[in-house]
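This is the structure, below, for whatever I ask next.
Going by the order they are written in, the chains are A, B, C, D and E; count residues from 1 in each one.
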Amino acid sequence: MADIIQIVVLGLALGGVYALMGSGLSLVFGVMRIVNLAHPSLIMGGAYVAYWGFRLYGVDPLIALPVAAIILAATGVLLYKLIFEREAKSAKYSEMTVLLTFAIAMIVEGGLATAFTNTQRVTSPGYATDAFFIGSVFIPKGQLYAGMVSLALIAALALFLKYSRFGYAIRATTQNREAAELMGVNVNMVGLVSFAIGIGLAGAAGALVSFVFSFFPSKHWEWVAVLMSLVVLGGMGSILGTVVAAYVLSVLAAFVGYFFGATWSVLTFYLALFVVLLVRPQGLFGEKPEMA
Amino acid sequence: MSNIGETSDILAQRKTYNAGLSQVSDKSRATWFPLLLLALLTALPALQLVGNYNYLIHLVLYTLCYVVMASGWNILGGYAGYISLGHNVFFAVGGYFAGMVFARLGISTIIIAPIAGLVAAALGYLIGLITLRVRGPSFIISSLALVMIFRIAFENWHFVGGAAGVSLQANDMDVQWAKLPYYYAFLAMAAFALWASYRIRHSKFGLGLRAISKDEVKAESAGIDTRFYKVLACAISAFFVGMAGAVWGEYLTYIRPNIFLVILISVNMVLMCILGGKGTVAGPALGAVLIVAFNEFFVATLGASAVNIMATGVIMAVALMFFPNGIIGTLAKHRKLPRILNWD
Amino acid sequence: KIGASLPLTGAFSIAGTKHQQGYELCVDLINEGGGIMGEQVDLIVSDNRSDPATAINQYERFINVDGVDAVFGTFSSRLSFPVANILARNGYVHPVPAGGALRIYTQGHQNLFYFQPNAAEYIGVSLTGMIADLIDEGSRPQTAAVVAADDFFANAVEAGFLGTEVIDPADGSVVEDMAPGYLAEAGIEVVYSEKWPEEGFNDWLNLANSIKRSEADLIIALTASAEEAVQLTRALQTVRAEPMMVYYSQGTQAEFYEGTGDASESILMHTSWHPSAPYNGELNGEPFSNQDFVDAFSEAYGAEPDEDSAIPFAVCQGIEQAIRGAGTTDNAAMGEWLYARTADEPVRTILGRFSWDSRGLPIDKPFLIAQWNGGELQFVYPTDEFPEVSELSHPKDGF
Amino acid sequence: MLEVKNMSKRFGGIRAVDDCSFTVRKGEITALIGPNGAGKTTAFNCISRTMAPTSGEVWLDGERIDGLRPHQITRRGLSRTFQISRNLADMTVLENVICQSRTEGWRDMFRPALSEAEIAKAMGILDFLGITRIAQEDGSNLSYGQKKLMDLAALLMSDPKIILLDEPAGGVNPTLLEEIVGHIRELNAKGLTVLIVEHNMELIMRLSDRVVVMAQGTVIAEGTPEEVRADPAVLDAYLGGVLEAEE
Amino acid sequence: MSELLEVKDIVAGYGDGPAILNGASLTVQPGKVHCIIGPNGAGKSTLLKAICGMLPVRSGNVRFKGESLAGLRPDQILQKGICFVPQERALFPKMTVRENLRMGGFSLKDQSDLERRVDEIEEQFPILKERRDQHAGTMSGGQQQTLAMARTMILRPDIVMLDEPSLGLAPKIVQQVFDIMKVMADTGITILIVEQNALLGLRNADWGLVLDLGRSLFEGPANDVLEDDRIQELYLGGKKVA
């Protein structure tokens, strides 16, 4: 029994981190229809901000988090202005963005590697390698804190989207850009702000990741497929779905790893994706595509 | 208040107005160009008689390999609009099938290639039945997941060497000529792929695929068996990619999961098609030439480093932003496409 | 002109970058000393992104476009394996800095020279030897947990420990049967074994927890990537595993210590090189000791060297001596010269003396075992090689 | 010829089509009218199988077709247009139209699509509808009315036995509409069966042989145009006394 | 007669394609209902899009209350008081009916005022009240049109431009729509519609405009347009019904 609890705890702990990593991706897709393959590489950027804060000034990554978020959000603004503002008008928009963000991922990776070398990094605040023990069950502190911070951020985001006037504008733009424009929404601004928020979340996730995983510039490829699976599984653009998928799958993967071996735990994410797509093509929380 | 003239007048005016707006399509194309290209490429290895052009041959061969794969990809990704980041699964299946036959039975992969292609096509058919039920980003991501699944499967399949892979016997020809069998195999496959690509694009099947890429509900109600069309397109495109994989394995003398199942390969296929012009015949070929050339250029000038990755990213971004329909597509749209590149 | 393709980016970038430093330092020193036979050496390094196909392509380029006179090998079994075929076909001497898996050497190539002590499959003997020699009967580990990345190199090491057959999947033939395995020979029972995939594995805590719960006295973790070693260590620390002894196949780098800190205490790893090993090599026809290398490296890069720079340095020494010895850059002659080395007339490098058997594996060279103690990587075994041996600290006092 | 039996379609709590039955007789023009949201489009969708009905049967020429896939239904000679026209971007209008022509078997699939015969046939239809000039235009760059016309053209390309038109007159210029009406009549005279949804009462009255009136998912009246127009239930639910004003 | 909106000789087209409008002109007087008719593809929708800022005007000018609208974004033009319902209706398919109505008043800052206006509209259109929690995308064509129309009224703009408001509506509703339009006009909202149901449109309008070949062919009181024989033949289906 303790084993089972332990596995669930570990799954949940990892799930919290994935949830934040995936939610920015989900937001950007939801609002902008951008499948942001560069998201993981931008998370990496956030992780480097936290790393240098820790290394040079001994700043705790949790404190560096807002800084990382702001720096990355600014990067988001820049990217949007340079690239996506023009693209928004293109008919080939959604497939173009897949490739453009792929290109951005390469640029970010190359940039980070040039600036910081390809050496692996990790920040080591005391809690990163500590745990609470409850009986024989332990809860890793690092992941626990990361999970709690990420849940708080996601909740704040959800409330913002649901109740603020700007949140309304974001949703309207998501559904019908032209109509939103006609209703007096400055759609360009909406795109800009939501993109900045999404990338800012990547920055925040980066700060958390910096003490949960070790990282180096090209590592983001390892995250892409997992994060994307979560987003698709949850239903493209549904942040709630992404969060749920992150938790459910992490726990599931922990079980698979425990019973069938670590090799197969990664497979859980992809197989689950296929099964879900077979039974429910729109994902767990996605809306049914409209017909006729 | 303005006034209007006679009814017939208006009707006549309307005709001229309409004529002014209507589009004329440029139908001229230069068939001689691809044929000339084929002839030149056939003759190319003769250079070996006057010096060491091994690397040039290697590069052309490498490009041809990608021409086959990108053209194959284009049938599903370009015509039917299902962007797959998972086509290297077929590359791997073709490579492993032919490679293992070669390793165990000693039959050259060049002979096995069409069969390997069929094996890949059969797999493509099955996979298509499952994944082609979803569209857009979901499809892209599920194809990505497919690569991961196959990779993990191959890495744990000990019969084919697991993660470490299998080393294949190199042929015992003189170094100078050793590449030629593969070179001609790829040249033949590339020519075949382009021809098939042309035929399909102009067939009813191709038209149906293009309809599917735009609006599946409409296509279905137009009497097109969309499910079958899609899956067949997937199988055909898997066939080409699988064939290329078969010969590629023997050429490298090594098969292992991370030679075939790396994201970069499928990304290359996608990129070549988009850069050259997705859904056109010449696009994938042109894209393959350009991407391989960029790559070589960077290796030659910047050496290989992080800067290289960054530069590749920049080139890619710029190309996408300024040639949204690919080079062929964008030029054609502005009616600036040179005739020699109009293979459609 | 000498070419080297290295994984400067991608999964092996850490080691790859250090290899580049090793090669470059050596070539610089050769050139300062007037070059080889009066000619300056031009080193071309290119990045293969840890990708085998790219590595092959780059050696093609070195040979056919750059027209290099010799090549240096690349890092790790994964890349060395495919590269071996093309270098063999073109008749180039293939000095391998890292690529210990037996299967590379049993393909029948006549141009391979491995510049580390022994094939990966045989590494385990050093650990069990150390346990037998240095630890009292009563405090020896009785049980072991063996975890490994599903990687060419790690699998090879694992095969030795667990005593599995090494098979060539091309024809299904047995390359070598490692049975019963070093652990079994040493009377250590394997209570837990697990593999994780080569790339993209994140679930370290779970793995660590399983290891902990197996209550094994000895943890053996095998990987080719220092990053994974760090991850696993941190996870073991988090779950408060309490083994008696921990052994890794990677982790001699400064980055390992940076990532793990105090948790690195008492962790053992095998190494081909150690800064305090009193090996006397040769460069430019003159003696060049290991200490000289450490000094030169620190001066050039402002950091202490580690194994990943020292091995390629030795590779470079080997090639330099081969060219000098053969009196030509004809690779066939160089190869013959290298094969002709014996224990008495070896290639002298900062890794010690090398001579090779017909497969290209060094004859009679044991691995060293090192241990992190107080943030310093100390050399602990074998004790009879040279005087500057540190005391083994045992048992490990938690993470 | 076409028979709908007890068909129902629910969306969550909404019963868009509720136990609806009617028949379309061979060679006739039948009109399906009803207030907005009566379920006419949904009924079309269920007949052509663009949507799966919740329950009920559909028979075409004595053959049950509600289990078939949409393309199979189309191949059995039943074609439909969409209320909000769907057209294929990045394909010329000509291709849009030819796309709808029949394909039989493997060999036909790989035959060149834009053959002389097909082009001639398609151009003939476009010409008739007065939209020849947009033949090479991109299918998505059309005005609303042009899209409707293109839809109609594509429909005719498949040589259907029965066509289902969802508001073909909406947004079409009256002058042109006259011509279209004439053509539908002509086709009908040649044996084409038509089921048409329309809100233009004047058109319905002139064109149809029989009228089926739907409201809230069920058929509330059925009969000749005159009968239906006189039916008080229809007046109340649908016409709202407008017709008198028209006269 | 003071002009509220004046469009003079504008040229406009899509992207870098040919010009669709070649010097179309139009004057709009306050408080009146204006109806534009013309054959399919004449550029009627294009004209409305150009006015509300969705298409760049290549030459000529658009003045609203004497002020040029050149270079303004759609949301800015909306702020000035011009509301547009395109032919495709521009609803938010995955928002509920009520949320759609609320979006109509997006530029209102006062939330309680907005709620009140939404309530008012719901009273006027019972069907919207009934379906308030249904997603707009799942409503029937006619219901959607009703919603789109109703939504513009929330802002109480100076001008409402409707592209084929009667499209797909049942006769009963069509009459309601035109009645609402009259009410709007009475309250001082100027209305500009494009109609293919030309007879009905013109009958309910004060002023008519014939647009063909990308320019304005005829402009005058709605009755004059209705009476003109040639217009009858060319655009109204020939038969004289009235």
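What to note about this one:
Keep this in mind: a contact is a pair of C-beta atoms (placed from the backbone, for glycine too) under 8 Å apart; a residue touches a chain by one contact, two chains touch by 3 or more.
Quick caveat, the model's predicted, so the values are computed rather than measured.
Hopping across touching chains, the smallest step count from chain C to chain E is 2. When you average the Cα atoms of each chain and compare centres, the chain farthest from chain A turns out to be D.
Among the remaining chains, C is positioned farthest from chain E, on the basis of C-alpha centroids. Between the Cα centres of chain B and chain D there is a gap of 40 Å.
Mean C-alpha positions place chain A and chain C at a centre distance of 37 Å. Mean C-alpha positions place chain B and chain E at a centre distance of 48 Å. Centre-to-centre spacing of chain C and chain D amounts to 74 Å, using the average Cα coordinate of each chain.
Residues of chain D in contact with at least two other chains: 41, 50, 82, 89, 134.
Contacts with at least two other chains are made by residues 21, 148, 152, 155-156, 217, 305-306, 308-309 of chain B.
Residue positions 39, 138, 233-234 of chain E are each in touch with at least two other chains.
Residues 3, 6-7, 10, 13-14, 113, 117-122, 124, 128-131, 133, 138, 140, 142-143, 213-214, 216-218, 222, 225-226, 253-254, 257-258, 261-263, 265-266 of chain A touch chain C in their complex.
Interface residues of chain C facing chain A in the complex, by the touch rule stated above, are 8-11, 13-14, 16-17, 150, 194-197, 199-203, 205-207, 209-210, 213, 226-227, 230-231, 234, 237-240, 255, 259, 261, 263, 399. Per the touch definition, chain C reaches chain B in the complex via residues 8-9, 45-49, 51-53, 56-58, 60-61, 63-65, 77-78, 81-82, 84-86, 88-91, 101, 103, 107, 150-152, 155, 167-172, 197-200. Interface of chain B with chain E (complex): residues 1-4, 6-7, 10-11, 13-14, 17, 20-21.
The touching residues of chain B, counted against chain C in their complex, run 52-55, 58, 62, 103-104, 148, 152, 155-156, 158-170, 175, 178, 252-254, 256, 258-259, 262, 264, 299, 303-306, 308-309.
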